[in-house]
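Two complexes follow with chain A in common, the first pairing it with chain B and the second with chain C.
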Partner chain A sequence: MSLERPDTVDDGAVEQTPDELEALLGDLVVDRDDHLNAPGFVIRPDTVQETLRTLKQQAGYDHLSVVSAQEYENRYESIYHLKKYDDPTQEVSVVVPADKDDPVSESGEPVFRTADWHEREAYDLIGIEYDDHPDLRRILLPETWQGHPLSMDYDKDRPQIATLPEHANPLEDHHKDAESDTMFLNIGPHHPATHGVLHLKTVLDGEQVADVEPDIGYLHRSEEQMAQSGTYRHQIMPYPDRWDYISAGLLNEWAYARAAEDLADIEVPEYAQVIRTMGAEMCRIAAHMLALATFALDINGDFTATFMYAINDRERVQNLLEDLTGQRLMFNYFRLGGVVWDLPEPREEFFSKTRDFLDQLPESVEEYHNLITSNEVFQMRTIDTGILPPEVAKNYGATGPVARGSGVDYDLRRDDPYGYYDELDWDVVTEDGCDNFSRLLVRMREVEESAKIIEQCVDLLEDWPEDERNIQANVPRTLRPDDDTEIYRAVEGAKGELGIYIRADGTDKPARFKIRSPCFSNLQTLPEMANGEYIPDVIAALGSLDVVLGEVDR
Partner chain B sequence: MGTAPAQLFPEFIVDTLGLDSVIGEVAASLVAAFVVGNIILAFTGVAGPWAKRKITAAFTDRIAVDRIGPFGLLIIPAAAVQLLAKELIIPEGVDRPSWDIAPILLPSSALLGFSVIPMGQLGPINLHLADPEVGFALVFAFASIASVSLVMAGYASNNKYSLLGGLRAVAQNLAYEIPLIVTAMSVVIFSGTLQMSGVVGAQTETLVTIGGIAIPSWYAFVNPFAFVLFLTANMAEIGRNPFDIPEAPTEIVAGYQTEYSSAYFVLFYLGEFVHIFLGGAILAVTFLGGASGPGPESIGFIWFVVKIWGFFLFTQWARAALPRVRIDQLIEIGWKGMLVLSFANLVLTAVIVGVIA
Partner chain C sequence: MSSDQPFITDDSQVVTETRDARMTGQGDRFNSRLREAFGSSPFILTKFDKFLNWCRGSSMFMLQFGIACCSIEMMHTYAVKHDLDRFGSGVPRASPRQADVMIVPGTIVSKFAPRMKRVYDQMPEPKFVVGMGSCTISGGPFQEGYNVIKGAEEVIPIDIHVPGCPPRPEALVYGVVKLQERVANGEAAPVTVKPYELEEFSDLERDELVDKLADQIDDDELVMRYNFADSP
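Our next item is the complex of A and B:
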């Protein structure tokens, strides 16, 4: 992959019309299949790399958000959702149909590294095979799984029999080598620092990491399939809370709300947008506080005071969220077209509690700076470890604080505005260090930016005329978006770009519901950061990625 | 130098009870050792299940144990029963008997160190078991046996995390024991003796008198630089933050202890706490005037207890506040920093003492 992007920064921002893109791709395009969010070009399954490369190099589409795959009555289909890091409103979908009887399609991995895991997932769940893929194995389900659960002929009643001897000990074949002087070490799935059930297959050379491979799927709960069997109006909204369950619930709910509202053409009242924005930023603070807390745990050890301090601060914002939504973790507060209820009465009390929290926050942040970021030992541990250069980050589709810690100025709240963000005064935080320290700093500074947003929202809500407090738009009791409409919409979740792809088939349930999890793409960068470093650096890098396995595995 | 050392504890028993036969002396020594050993074990009992929790809770804005007994103190017997009642799980493929010896070796080596520590007087009793002429060298020798135990536990456990922990323990102890001992030698240059009572005695003289308050010539005041070096090396020696890397639960899952449960686990924890107290005792004797303090000499033991608990508190503070260094950084600090500084300190001390004396 020595393919340098020849275009300059300006080129990325130049917007091409769909027809220009079609002209650029020329014969590669077989048909058009436009989605609500982007023009879609249908190509032949053996020209994937050529198409993606042309779009990446000559049109500046340098961000492969997600690969969503599905099976139709007459074909399989993979969609490569492309965007630009410089301007994510410029989107294009590359639609790759594959043969029903022999679903083979060329892999996009040589062009976008991130396609590796996305295509493995498509293979695992749908059954499409990717030619030229470096490592086409199952990713979420066990290797011995029978069938592909999201394909049409999947027999869910078939017993999954995989005996223990069949599921061979991974140590036996490829890890015992009399010649080599390396050691294979399983970090996880039960390990104090994996932040959930994650398994890192690590090869050590002394204390140094020769190779690390994340093994995910331990928390796979078929979230996509569950969403596909729920109705748009009410039955899907509770699920997003359970993806990134580290109190980022409202941010996740917004991802679904945004996609579904755009799909069904629902206009959200302004008042509800302000409440959503405020709630979402509270969630972001809670999520970043936990990230900071657990990062301190990884670097300092189990008895660090920083952990409890950060949990304390998270608790305060959690109390505000409880007042607002009635729940502490699984909020289920958003509805299509608005939110479920207005601010708690008495409103003044809620506002003053929120202001108290905001007033005390700078002091807390200062304390964290005293405790960790200005500590020399902490700096020694985190600066210049876990390096993720910006080009590598983009190639892996990294987003959120991970990308911004590598100096990639990408934040959907500003670049692809939704909610009330573009009316408010706040800044996107980036750091150029590309290391563990930068990623932590980005989160700490983002907490302050979120506080700014919340403060402005509180001001707005306080002065909102009483007769204009409309919390929900009129939404039909049953939503049936038109047949064969497709949309991909993303919001800035706590960990990055959280996107939803929905294909409607004219019923009240989505025909395909695909979640683009930011943690999934971010976690993929771990080997880049960890190889050649020490074990403690792997732990630090993993902590600085701030993955939530519920969102990785879905 | 200094005042004449008081009668040692075993001799005191012999004299008081009139046991002047060989058997009587042996019995008296055993009784004295039993008493001293139990004092230390009692400290550990209070520190492990109760004080450590309370201290950490105070640092982290929590409450900790307060349900059983006054201030939650009855958690101590409750925890003892609970820990000992657990099943001892012996993993497949462990290398016995080293796997069984390691947890016994750690606390016993640390306890052995207390045999030469002058713990001060409590009334007529001088809590000091033996005062050999090489006492100072002996105590470090005892303290370093601990590394053998950690290595044994590490390799005998048949677990990769344990192995890594064992390797880290050796690397760390090698890197820090040399600066520790070299720094201690600079104290020996001052005191001119390796006998514990002599080292403590040399610190009773008045260094300066400021505003009517006599500052004793504790070596921490005489040579603060050596004190800081020694304190740092001591933290590494006992394996506490920022040098707790042989355990490092978030990296190598408690290292050499990973495979130990029940009574063996208790023994390891006991050993670690005794080791912290031994570290505090060595620090007190070497730099903080041993059992000396305001008031009559007969309450010296109380001052000694205050000093070693002060050191314990310090380790817990470091644990709550300081990040852990990485293994390669630790080795670098040890060999490239501490070793050079400790030798510089030794040479300087020797020159200064030689010129003045």
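Our next item is the complex of A and C:
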């Protein structure tokens, strides 16, 4: 709950040196391939489960951030980026090369549930097959798609056919002899409760949910390809705004900025870091306000008043952000090595506007508590529904408010500090309820914490000496990071751990740009929360996950 | 109040008891500007088509349809501050069967295009479409994407394009009001045949790809066939 790490550190967080890890893995390691952020161990493709299990159980690496796959001239490669929930600065990469002609690799799914979707995505986009995977199908592209678009020999211009399928009830056979009979229900992809274009294949047994399977990819707009075809310096930065588009733009931009700055070894001036921190927290407030607004609507259509109130508060934050960046939604404000321009003139006016907003915020938050969290109808719908136990959350790689609502004390702003966060006084919010209500409460309390951060930033910026206002470091006009350097860096986005994996190949464009989207992992937990519950609770659980499909599908 | 404006009767010559009775004694509540404009005559003369277009343009039901980034700005347009309802078009309908206007707010990708076509087909005639943002014009920043449809007009006809990435709520309001103006004037977009239509799989021309998929797809399954090489 505070910036200080708890005194009692359990065994999981004991740091091992790379050599100790190598000794632990023993014969499993065939080679070393260190990344900038972590030691990398190359293993054989048929020992994935054994390696991951050893690292998880004996070294405490309990968080599989992401599986990033790529194709080289002579091989395919999957990288499992592992971390510890207790201390995310301890990282290790498990590098699994696969044969060029017959890319088969063992699945990590039995060890980390979250690998399910990540490996399906790797299969879909790159074409690596995962042995022992429970359900290796395409996940983002239509089932009938030809070719794997991020592999080397993909022809972008070839004709394709996409179907409009009638989905069959997957449980029909299972229930033939039982008393119960099931009904199949499509929710989405065009549905007001799905927050965008998400399709839930739901099987109902009476009013209860027997099975729910999220079907994604309706907004898969090739973000990774777009980033791979842009130059580091300027052409990639506009895209992060469009991943998590709920005004969380600056948080996303920071994810790219952090990865690329560490890759190219750029030091960001302190003044720019303070501005970044302030802007990012404004974005977080805006994003959480929308999460609150739409969640209230999902719970009860009569909560439109809450929606209007929250939108009203969002308009206020967006006005501030517009003053700062010049745009309402797609800010494109960060640059590698700093920000694009200084605070708007006259500065006093901007500060007083920001202060006005912060002054009225406690009143608004109080209003939300009156309107929804203390509302009996709302409590009945959200307390003790959509239960996500902490162990399950970790197994699925859930992060952000979803993990913190399950009592997992994990916030990269504190645990893996960047920007100016470690200089400021604020708390990480956790709730132990594990239910829909806790997740909402975490968001609402985080808004207050963000306000605290902004206030301190404003104080700092106000007193900053005029001749030390350096918003931009010296960055070469063209960035060409060294050949074959790889990095994975994450920031705390509005929805959780937003990470970027970049492999540089010596040119001015990334050879592989992989986005670790928090919503992608968080959405995977939906079946765990929804199965066995009533159908309205599925909608509540989905609302409390606060997924944004632009980030799920990328 | 010139006579070429619709729905206004020249009442300068007509002063009757009926009118006086209507104008007096009822309290101010009934003496609206409309009443003054109508004067003594309880009738208006206009063309039926013109009247119906005016009705249509003055009350448009929007389809609640969120796709991508632009839908956030679309929500702001519906909500407080910008309040699209002021212009008689702010009632989002959850079902396409109750909607007149579809705002397409975002990037269309290959997997979603058949669904959007289906939703469009489900809307009753007459129906109108506002394309919001650059993605619905050309694919916008994602035009180079391997499964991005290069503009919503490849799939459904669009009446008004609102450029921007995303357009500000003011821009969307302007676009919708322009659409209402056009509808009131009876100018809907001509429907053209789109390159990407829903077809039954068996109706596709047999080629290598169709042969390859033949054992995966039923003959009567609806499909959309993309030809990215010929896309703009």
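The rule is simple: the second predicted complex is superposed on the first by the 523 of 554 C-alpha atoms of A that agree within 3 Å, B and C clash if a C-alpha of one lies under 4 Å from a C-alpha of the other, contacts with A are read in each partner's own complex, and residues count from 1 in each chain.
The definition used in the following text is that a residue touches a chain if its C-beta (ideal position, glycine included) is under 8 Å from a C-beta of that chain, and two chains touch if they have at least 3 such contacts.
The structure presented is a predicted model; accordingly, all values stated were derived computationally and were not measured.
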{"item": "Touched partner set for A:Ile372, first chain B, second chain C, both or neither", "value": "first"}
{"item": "Winner by number of chain A residues touched, once chain B and chain C are compared", "value": "C"}
{"item": "Which of chain B and chain C A:Arg221 touches, first, second, both or neither", "value": "second"}
{"item": "Touching partner for A:Gly26 - first (chain B), second (chain C), both, neither", "value": "neither"}
{"item": "Touched partner set for A:Tyr245, first chain B, second chain C, both or neither", "value": "second"}
{"item": "First, second, both or neither for A:Pro192, with chain B first and chain C second", "value": "both"}
{"item": "Partner chain in contact with A:Pro142 - chain B first, chain C second, else both or neither", "value": "second"}
{"item": "Touched partner set for A:Phe307, first chain B, second chain C, both or neither", "value": "both"}
{"item": "Touched partner set for A:Met330, first chain B, second chain C, both or neither", "value": "second"}
{"item": "Contact residues common to both interfaces of chain A (with chain B and with chain C)", "value": "191-192, 307-308, 312"}
{"item": "Chain B - residues contacting chain A, complex", "value": "56, 59-62, 160-161, 164, 168, 241-242, 244-245, 248-253, 316, 319-329"}
{"item": "In the complex, chain C residues that touch chain A", "value": "64-69, 71-73, 75-76, 79-81, 94, 96, 106-107, 109-116, 118-119, 141-142, 144-148, 165-166, 168, 198, 201, 204, 207, 209-210, 212-213, 216-217, 221-229"}
{"item": "Residues of chain A that touch chain C when the two form their complex", "value": "140-146, 149, 154, 156-166, 189-192, 195-197, 217-223, 225-226, 229, 238-239, 242, 245-247, 290, 307-308, 311-312, 314-315, 328-330, 549-550"}
{"item": "Parts of chain A lying in touch with chain B, wherever the complex brings them together", "value": "183, 185, 191-193, 207, 297-305, 307-309, 312, 371-372, 375, 377-378, 380-381, 534-537, 539"}
